[in-house]
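We just call them A, B, C and D in the order they show up, numbering each chain from 1.
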């Protein structure tokens, strides 16, 4: 009994304390006096749930670049506000406005999940806050929903898929089946692939979709076997990617029908595939053995700082910080001026570990898309699939 | 808590809520508005769980459906009309609740819990997998509904303060409506059903119809909450219908104490408050949340509103009533 | 669909259904006998999968890992029953829902703290790593067949346990009338603890068996939870036989739904459930 | 001849292979208290459940005032004037006595659409409830919480609730069960008073009470009617003595 009582009391106390602190926070005039030499960065990324490791890698990459600059960006002290977005779109607008309205951040950085990123973009547009998206690939973000204050340091779903469409056609495949989850990212990837592939004379025989996050692929493998296409193109990520590749291999299809994937099929998943991924070809804006010195330095520093190898997510975080720095440099120590920062960022050339890139009119990277092949535990570079590929930014009126 | 103290307390809270925008920042005003909307949501569920004895684990479906209806009714470059969009979204939630109710109310107990959950999942997949609602990415509400009646606009929801007081008014209206309904003959029957449905049948009540009516009303009120939520945040996603949302609202009801409208409001405040605190403490905040829930179930059977009385009883040397 | 493909799809349906049965059987037992609604059942599936990953890493062999992991899961279940669930029998379903909802959050975070958030793979034991050719280009992994066989064996084992043993007699009595079990002088606490631990062990076993083909990843528990609920609803609470039939029905609905009605694939399972509810609100095999 | 209110013809109920009631014929008349006797498992509860609509019969016809009501559900039967009480006390334990009866009375004119009217401000139901409470002998206890009353009072409340529904046929399942002798005597007086204007079916174990109040007795054994007639006839029937009393002796 006594124990129960204590628990209850501490709980009550905690709640009272919470109430008081919320109240205090509510009534304090926030961010009235902002020191000119500081810049407030709001990191809104997933730190729990399926994408937790991606959120961590992006954060690490971002902070690494800031560290390399001596803890400052363009002379400005960086102050972080961090929110776990849980990859939950239903909390997204609120989380974003927490950073914007409560913490008065100068820049929003986030996130992985496209649905959450769309909600963040909405908040950014409404509040005219600068937003840098370090992963989410939804085409809309730099398409119909593009905005002067919204930037992306990663890619659009269309980019790697489009590049793969061309590659698959070049490799002589005429007749392809696609498989992905029935959600926007999957659908956009298939659309990008189909555009390039059919332009080059191929034919997508059938588009297969399964409900997200269902991973029972067996019926589709059976269907693929009976359709007998020349090749299969897929988009999956995380646990679904691992399972698909393993099932595809175990069904014996890997030997007879080559499998191609867009982007993240083989990122962070090769180990878990346990050999089934060997030889798989994918397209992305990063690969494991790029030869540029920037990448080598980056990987070395990252491995030392975080005791693990960096991945594409870390690169995207790193580049988000680089983009911000280019913008902030233009201020030359003056008070944070969003419009000036945007202007500088738009014309920036980012010296990324992935290779230098510029930004399109819609603020999406114009970048090389690499063709990679799984060898051992790495996505080894095969070559450049598309040089300086720009997202068409359909629907962007900027 | 005797009724006088309780009334004074409620009035004081109300005064605080009304005066809040004058002192608090926009962000916290938005948060209070969110809490009030969730309070509507929790009260609507309490009508089922606390007063009728129907533990619905799929209540988020009606919340989400209404949210989608207002989002879909809003043209891309224009606002929707409030006086059309609000009734339409509430009606859609009510119709969905009615149809689903026809199925789920045939079951009882554990079945009812699982079946309501499953139907909510079905609604979730309708919005997640089909293009009607923008799929998994959700859709924007670019403009808040326009309150104009024949050219005259009594208020403007784009004004944060107007929106805030609109939410306050809606919350008070729902609270008042439920109070009235609960003391009406209909409400009395619901409470009778919760206590002893079999006896209600043998007394001549068509309990199925009453339950269906309650389920539909609760769905409609959840729709009011969903509508306001969509308008407040301007973004709608399938996650509004997910079973986590249904779990959260159940949590509010039980944290506050079932069968008590004030408790549902207290539960909404408590849940949002706890989430705020825990997320500020650690990135593993869900662990704290889980532990709190487990502790609350084990040690606070009556919920928050019953706890002061229990503590008083203990302080006064009353016998243990755990 | 040609005839060979059709046959293979039937095989896929059976295999998927059997795996679902393994997860749902523990759930329906705990529901039916103890009257406990347990949302954390999916978490036990996840715990099983991570156990398989961790123990395979240590022992180098999945079969050894299962041999070690199964008793661990059983003990884990017994402890959990003692510490938490035993306080719930007299409470209403709502509180059970909440407590087990809280447990989902706790298990998920503990998993994150203990092993991180990466995706992991588990190797199929050497013995079962081969494949059997089914058509000119499609073959069927032996391991999947092994899973099906194990699931069938377990279904048989459960049938035997419930129909032929003294424990089973008590379980059957307990699911009908709690007071009667007490009157018979059976230690109901011990009975419940055993049944609950058995339920946890079944879910964990499903997770361990599935680990090599599904891989091991955060959030994997909640994906099986809802589908298990649907199976229990269709089959009838407490009926192991019902769970088997329902799991197979879902296996077929899901498999053929994806192939024949791809636009409705996500809804298929729930549509089947709605139809069954119209026909029999208490599930196909509701007893008494 | 007195007015037949409720009658059953060839009423049969099977549970799987078991026949719980086999072609039971029964009729309840206004002004007559009809007792149903029988050992445990004779099918009395099944019989009353079929009459009240809690259980559908497998075969047979049930008529109310000459109309076939076999297909009506429990609540529909209550609506036309068939009320029942339960063997295990079946009240709303957390409500007051008045609210228990008021809910019962409200069922006659439920007015579910008057959402904005205070149920307590609807005089009709409250008055009928008070009248029923008085008739059942619970005056002065209107504001007691039902669950806190004595067992005997709760049994009285059961009856009061049925009365509040204005039932013309009362199906009473062991209203004397678990009562002390004084309480039983009160209940017997009450039953005698009630039967003047109503038809009553009394399922009861207490033989003394049954012979004291019943105008007619039906004895069931193994799901069948063994004998039916006035108390004298039953008391002297060798069949009843052999089957029923002998059976009862085994139990004791």
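Brief remarks on what is shown
Everything below uses one rule, namely that a residue touches a chain if its C-beta (ideal position, glycine included) is under 8 Å from a C-beta of that chain, and two chains touch if they have at least 3 such contacts.
On a predicted model such as this, the values are computed, not experimentally measured, just so you know.
Located most centrally within the structure is B, per distance between chain CA means and the overall CA mean.
Chain A and chain D have CA centres that are 72 Å apart. Here the spacing of chain A and chain C, counted between their Cα centres, is 34 Å. Averaged C-alpha coordinates give centres for chain B and chain C that are 33 Å from one another.
Annotation: 43 Å between the Cα-based centres of chain B and chain D. Multi-chain contact residues of chain B (touching two or more other chains): 125, 128-129, 284, 286, 292, 296, 298. Along chain D, no residue makes contact with two or more other chains.
Chain contacts: chain C has residues 108-109, 112, 265-266 touching two or more partner chains. Under the stated contact rule, the graph of chain-to-chain touches falls outside the line, ring, star and complete shapes. The set of touching chain pairs reads A-B, A-C, B-C, B-D, using the touch definition from the header.
By the touch criterion stated above, chain B contacts chain C in their complex at residues 49, 55, 57, 103-104, 106-107, 109-111, 113-115, 117-119, 121-122, 125-126, 128-130, 243, 247, 250-251, 254, 258, 284, 286-287, 289-294, 296-298, 301. On chain B, the positions that touch chain D within their shared complex are 180-181, 183-189, 192, 195-196, 198-207, 209-210, 213. In the complex of the two chains, the chain D residues touching chain B come out as 52, 54, 73-76, 78-79, 83-84, 86, 90-95, 99, 102-104, 106-108, 110-120, 122, 125, 161, 165. Residues 20, 23-28, 30-31, 34, 125, 128-129, 134-138, 140, 233-235, 237-240, 242, 244-245, 270, 273-274, 276-277, 279, 283-286, 292, 295-296, 298-300, 307, 311, 314, 320, 322 of chain B are the ones that touch chain A when the two sit in their complex. Interface residues of chain A facing chain B in the complex, by the touch rule stated above, are 1, 4-5, 7-8, 11-12, 14-15, 17-19, 21-22, 25-27, 29-30, 47-48, 83-84, 88-90, 92-94, 97-98, 101-102, 114-115, 118-119, 122, 126, 138, 140, 145, 182-185, 187, 211-212.
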